[in-house]
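So that you can tell them apart, the chains are marked A, B, C and D in the order they are listed, and the count of residues begins at 1 in each.
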Amino acid sequence: MELANLQLTLVTLTLASCFLIVGGRRLDSVIKGAATQAVVLAVVTGLRGYSTGVHEMYVAAVLTLLIKGGAIPFILYKVVAKVGSERGIKSYVSIKMSFVICCALVIVAFWVSGETLGPAAGIAGRTVPVAIAMMLIGLYLMITRKLAVNQVVGLLIMENGIFLAGVGTTNGMPAVVELGIFLDVVVGVLIMGILVFRINRAFDTINTENLRNLRG
Amino acid sequence: MVQALAVSLFKVVFLVLLAPLLTGIIKKTKAFFQTRRGPSIFQPYLDLFKYFQKESVISEHTSWIFRAAPIVFFTTMLVAGLLIPVVSTAGLFNSMGDVILIIYLFALGRFFLTLAGLDAGSAFGGMASSREMALSSVAEPATMLPLFSMAVIQGTTNLGGIIEGVIAGGSALLTPAHLLSFAAFFIVAIAETGRIPVDNPDTHLELTMIHEGMLLEYSGKPLALMTLGASLKQLLIFALLANVFFPWGIALDGSLGAIGIAALAFVLKVVFLGVVMAVIETSFAKMRLFKVPDLLMGSFLLGLLGLITKFLFRG
Amino acid sequence: MPLLLLSLPPVIAVLMLIVNKRKIVTVLNVLGSLSIFVTGILVARRVFTTGPVQEWGQVIYIDALGAFIIGLISIVGLLGALYSISYTSHEVDSGKVPEGRLKWYYFWFYIFIFTMLAVVMANNLGIMWVAVEGTTLASALLVGYYDKHSSLEAAWKYIIICTVGIIFALFGIILLYVAAVPILGEGSSTLDWNNLVRVSQQMDPKLLKLAFIFILVGFGTKVGFAPMHTWLPDAHSQAPSPVSAVLSGVLLNCALYAILRVHLVVGKAVGSGFSSDLLLIFGLLSVGVSLPFIIVQHDLKRLLAYSSVEHMGIIATAIGIGGKLGLYGAFLHMLNHSLTKSTLFFVAGNVTQKYHTKNIGRIKGVIKAMPISGPALLLGTFAIAGVPPFNIFISEFTILSSGFAQGKYLPSGLLLVFVTLVFAGMVFAMSKMALGSPPGRVKYGEPSRWSAVMVLIPLVMISVLGIYIPGFIDNILGQVVAVMGGGR
Amino acid sequence: MLLTGNSLFIVVVGLLLTGGLLSFFTQSKPKLSVALGFTFANLAAVSGILLGLWVLIVGTPVDLTLPWAIVGQALMFSIGPLSAFFLTVISLLCLAVSVFSYGYAAEYIGKNNVGILGLLYNLFIFSMLGLVASGSALMFLFFWELMSLVSYLLVVYDHRDPKVRRAGFIYVVMTHIGTLFIFLAFFLLYQAAGDFSFTAFATAGHSLPGSVKTLIFLFVTIGFGTKAGIVPLHIWLPKAHPAAPSNVSAIMSGVMLKTAIYGLVKVVFEVLGGGPVWWGVLILALGTVSALMGVMYALMEHDIKRLLAYHSVENIGIILMGIGSALIFLAYGNKTLAVVGLTAGLFHVLNHALFKGLLFLGAGSIHFATRTRDIEKLGGLLKRMPWTGLFFLIGSLAISALPPFNGFVSEWLTFQSLIMLGSGSLGPGFVVLGPVAGALLALTGALAAACFVKAFGIQFLAMPRSANAENAREVPLSMRLGMAFLAVLCLLFGILPGTVISLLGTVTESLLGTGTASVLGGNRWLDVVSALGPGTVVSPLPVLGLIALLALVVYLFTRWAGKGGTVRINETWNCGMELTPKMEYTATSFSKPIRMIFKRVFLPKREIQTDYVLKPYFTRSIKYKGSIKPVFEDVIYRPTTQWFIKFSNKLRGLQSGSIHLYLGYIFVTLVVLLIFAR
């Protein structure tokens, strides 16, 4: 029982770490937030593995820790360092307002998914709303943040949400799938990194607000 | 068959001979009302004779159309004359065509007449042709509607049939529909015969003339044909007016006595119409060109009214 | 055989990186694309003659639907690869792209083909998802191939928007998994499509509905359903023309294929109304939204891209309308659209290489300037707008007649109106380019003989298909319809 | 029989396709290409005439099913009497035009690719023949669209002129929008019939509920009306027809428009089996308005081909008047009277094809000889091109419905059916409606005559108004032959209408169940009668005989009588001044009285710019600019398209380029769907 409670706490903590990212005022703190979230996620995964006895989950936990907690933040740091000038986040919506909206999104998520899984769903019943909330928050970040790197972080949050859903609702996705997804994430971020470099080189900024030439 | 042919031949000759006389009578009557002595009523014959003695001068710009037009114009009037029952409904050619064909024969003649007006290249001819076509176009529905109205009542567009129907109808004839149609067609007749207030047949003043403008380049024999054709047309329209709406006196067969009476009746009717026309001509001033369509519109409305009353009185 | 098909593209891709000379690259490209084409057709043929193929345990599963898409990939892939020969060498010769990048072009091209094949052949929905994401990643670099401002922008939008979309799809698949676990138990085979479709009636409909929504939005982004289509005109217009053809011609179909797989599962459980109606709505919305952009478009390739949005909308509408005839029309339309759009993108490639612009207002008199591409531009436009004697007329006619026959007046009527108005927009733009006198700077002739031939091949195909549908295609479509539950 | 209808049809199609391809592949040798293309078209046209007559006379329909099916739909041709009639009309005109084209196409050698012209020309004929021969709606629509496509390509054949491109665009779009309605109608029928064959349509169509029937009727009226060019859907017509090469305009105007009439008759009579009275009244009203507006706008034109195009609007109107009255009679169950109206309409279809074809070929010849279509620049051509002039005159007389040409007979029948509306005891309203429609038809006819006095008079008579006209030469023999053929037919069918009317018997038999025997007089070949009343007859041949005889008599009499008769050639009297071409009456001035009379319709505008040397007495120059307001464009079309484009431009803002907005769309979609699913 205690284990379940611990898990729930950690799941909630994952959601909370989103707000860490939403509240970050500088790019590096945003990236740090993402890394933190990945660590928490890794712990959740590990615990799930322990509680369900599915050992593949340990692999997933380690991978999460290494890739999302280590490699990707590292890449992003590098990008930010190379790109240089713009360190502060640029947002269409003020951080205070963002907090309010993200809270609203969390409520929407719980409302939408509450009935679908039913009260008996146990831990799954808690993680799905959290997952949906994280996806919405991630998307919200992508919509409101102007800098390319910040958008990648939003994407990461969304991906973490999915991952959480996968871990929380099932006893782990099939291993092949899991591996594939990890691979995709890494390649995806890599390619995005490449593109951010190229964009910076071409436009002298990673502010995606300037990418508005293709219209109509 | 032979008798019918004879009636028709008589009719043609009769019409051709009568046509200039009618013109002469109208002129004389007008002169009377204008307190002039005026030319003799036989003057048109003399004019025609004179034209036949003259050489004709033809413009260097003209084509064969100019030469063919008088013959076509005159011939179409002759054919129309053959188709219209003038003295008898038993003519050989009466059943070859109906009122629509007659109106379109007029149109055929007019087509060549107006082309001839354009052929010499003078602006007068062109202007006259243009006006002729414009006015006759507007007159066309006003012409057709009263005739259609009669056709609808009698159930045929054949003139002989209409006339026989009207005679058979007898006293029941004087319906408002009939009279209104007559009035409508009378107005059209003024326009079609080129009389004041629509056109002035006596003037060669460029700015007012219509019919005469088209003949400006003609001389000699072609002019004679054109003039005679115009007179013939006038007579034919009077004949329509007289025989379609007031056909009494017309012979229903080919017997000699009936035809004699019919010819007399016809002459009387036509001369009466001619006098009325002359009275109208002297009592009105010529209208401005662009007022004429209003007049014709009025005629059309009269015809329409006739139709509507027919529809009302049918119960 | 399927394994061979799947392994051929990556091998060729890697070989591309090894070789260096342009000539060898070309030869390799020809041989590679031909071999993929032949294998693909053979695989498809096997499926159509002997029924669904399973291989490598249950990992690979190809039924008639999959085989049909494999056929499309083979054909359009071959056309694209062959057209690339003249297109890329012209780009290199005219100095737009350094020669060294050529091999990367082909590398990503074949990886792209590989990912698409993987989408179709994967039995496991999870793997399918991975493959779909893979198509985005592979093609993103092809979109950004030119390294210009605009192409980078397009690539960035492409990758971000599609990745976001695809994450939703993943969530949908997880929900599907959650729904399936109580019946099938845990393990990788639970997400196998053939298992899912078998037990679909026992799954929790509520969960399935939620799953379908996420998957529809997710993969729908990739298909180009409005209003998630926004990346599409950017990406398609900025990619090199052969790639645009493959993007429009098959990538969108692959994404739609992914939706259809789930649609089949969900349809059986929830009652077909739910997912069909959603497809219908998104289909019509796509057609409708693309309309104004087609009417007032200034960019040749964007025009074609919006036309793709429109046509994917038509296909979705057709599937939504359903019925044997509707489904038949839908897949016929898929084939027709792939071929016709390839023609037009090849033409657009030739035209842009000739006129050095994609701006419709600056292109004039193509018919006079280019003896083959010019008429092809005009005819292709009429073909894509649904005029006989071209094939799209037949499929649109089929779709609409199915819609009316079922009494679905509103969607069918709307579709008809939209298609008619799109016609006006397409013809306006295209006739502006095709007709008139070419500007003096443009010299007479095609960019190369090869590029002209590559326009003619699909053009002939769409003309023939417009008046005659060979028995084997009819048979194939019948089998696909059967898979889609339309009965035979 | 060796030569069955089936094989004849295959021969026709084969010839056309072969001719087109041969012409296309020999494009590097233009002369050969022209010869091949048009020879095959000629052969096909001859075979087409044979085929059509064969079906009309023998009476057995030709049925042919292609050996393959598309989407489960059998591809079949079925040539019944109605199809056969239209097939004959199309073939007849195409024969004349193809002969004409040998010479005419020479104009394009060296300028344009004549191989393409040959290909498209043959395909065009092919599509029209295929259309009327179609046995199913799928085939019909296929050929319908093919016809639109090919004719569009022909319209833009000379596409270097921006006006041509614009005309082509308007044409193809309007046609396509019209087609939309045809699609709707056919799909509704398909829903009821479960099959696309016209036989199935007819079975299902007769028993449809009234509301669906009405819907179908309205759809086909709009759909086919667009192609036929009824007002106000006609605006493409005066733009597209002048843009095409003249031989193509002849076919477009002469027979392509008729395919729409074919479709309308086919659906309304054969498939739906007639309907309520107001259908007929609607068609009649549309016909009357089109006829009047068409001829009025024609009068205001001085581009000869635009003028002719507007006359097509007029004549389609006349055809519809006949068909409309037939529909009214049918609604009252009076098939004997309906036959007259239908015969009138169909006969006019043939007649219009002949004389409009002739006139367009004439216009083509004039353009060939003078390089201009502006009649204000012409004049005096009759002396320079006597044959063309004669043929054009015959065409003008025929289109003005003057006896003894063919136009008169069909218009006469139309008049008769309109009068019968009034006397046929159909209810009181028709007593007024019928004759009034008749009177308006008379107005139309008179205006048409005015228009052709202008067209012929200004172009062919008096003095040339430009050097082009001055130096005109008669056109080559082939062109004259093509025109002569049509001119002869115009006269032939005018004096022997019985030939056509008896052939039409099979058609009315199949549509109404009653033959045309009642329209033929006792003297089968001489008379046309209407069912109106006793003696309502017209006998064109005797009338012609009479005219000829009397003309001869008059001519001889004038030669013989009187002393005069010497002819002197001299200049035209011009108030003593020398006459120059600048003083001649122009087309614009010729039509001015009509412009003024109907100024409420035309809304004429004029601008006069006077440049003074010394105000206000001495002018240096006066510039006169007159125009009429294109009401339909200004009121209906321009505002609609402008609104649509504005709207589209606004919507383009959706794709603003901002990735954040795009992501927002996804976000909103997802949220909406989630709520929707709950």
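Just so it is clear, a residue touches a chain if its C-beta (ideal position, glycine included) is under 8 Å from a C-beta of that chain, and two chains touch if they have at least 3 such contacts.
In this text, all values refer to a predicted model and were calculated from it rather than measured experimentally.
Of all chains, the one whose mean C-alpha position sits at the greatest distance from that of chain C is B.
Remark: among chain pairs A-C and A-D, A-C carries the greater number of C-beta contacts.
In whole angstrom, the spacing between the mean C-alpha positions of chain A and chain C is 31. Averaging C-alpha coordinates per chain places the centre of chain B 78 Å away from that of chain C. Computed centre separation for the pair chain A/chain B is 100 angstrom, with centres defined by C-alpha atoms. If you average the CA atoms of chain A and of chain D, the two centres end up 70 Å from each other.
Of all residues in chain A, those that touch two or more other chains are 115, 139, 142, 151, 208, 211-214, 216. For chain C, the set of residues that touch two or more other chains comprises 156-157, 160, 164, 168, 210, 233, 293, 296. The complete set of chain-chain contacts reads A-C, A-D, B-D, C-D. Residues 156-157, 160-161, 164-165, 168, 209-210, 213-214, 216-217, 221, 227-228, 230-231, 233, 278, 289, 291-293, 295-296, 325, 328-329, 332, 365, 367, 378, 382, 387-389, 393-394, 397-398, 400-401, 403-405, 407, 412-413, 416-417, 420, 423-424, 427-428, 431-432, 435-437, 467-469 of chain C touch chain D in their complex. On the side of chain A, the complex with chain D involves touching residues 92, 108, 112, 115, 136, 139-140, 142-144, 146, 151, 208-209, 211-216. Residue ranges on chain A touching chain C, taken from their complex, read 54, 113, 115-117, 124, 128, 131-132, 135, 139, 142, 148, 151, 155, 158-159, 161-162, 165-166, 169-177, 180-181, 183-184, 187-188, 191-192, 194-195, 198-199, 202-203, 208, 211-214, 216. Of all the residues in chain D, the ones that touch chain A in their complex are 652, 655-660, 663-664, 666-667, 671, 674-675, 678. Those residues of chain D that touch chain C in the shared complex are 68, 70-72, 138, 141-143, 145-146, 148-149, 153, 156, 159-160, 162, 165, 168-169, 172-173, 176-177, 179-180, 183-184, 187-188, 190-191, 194, 196, 644-645, 647-649, 651-652, 654-655, 659, 661-663, 665-666, 668-670, 673-674, 677.
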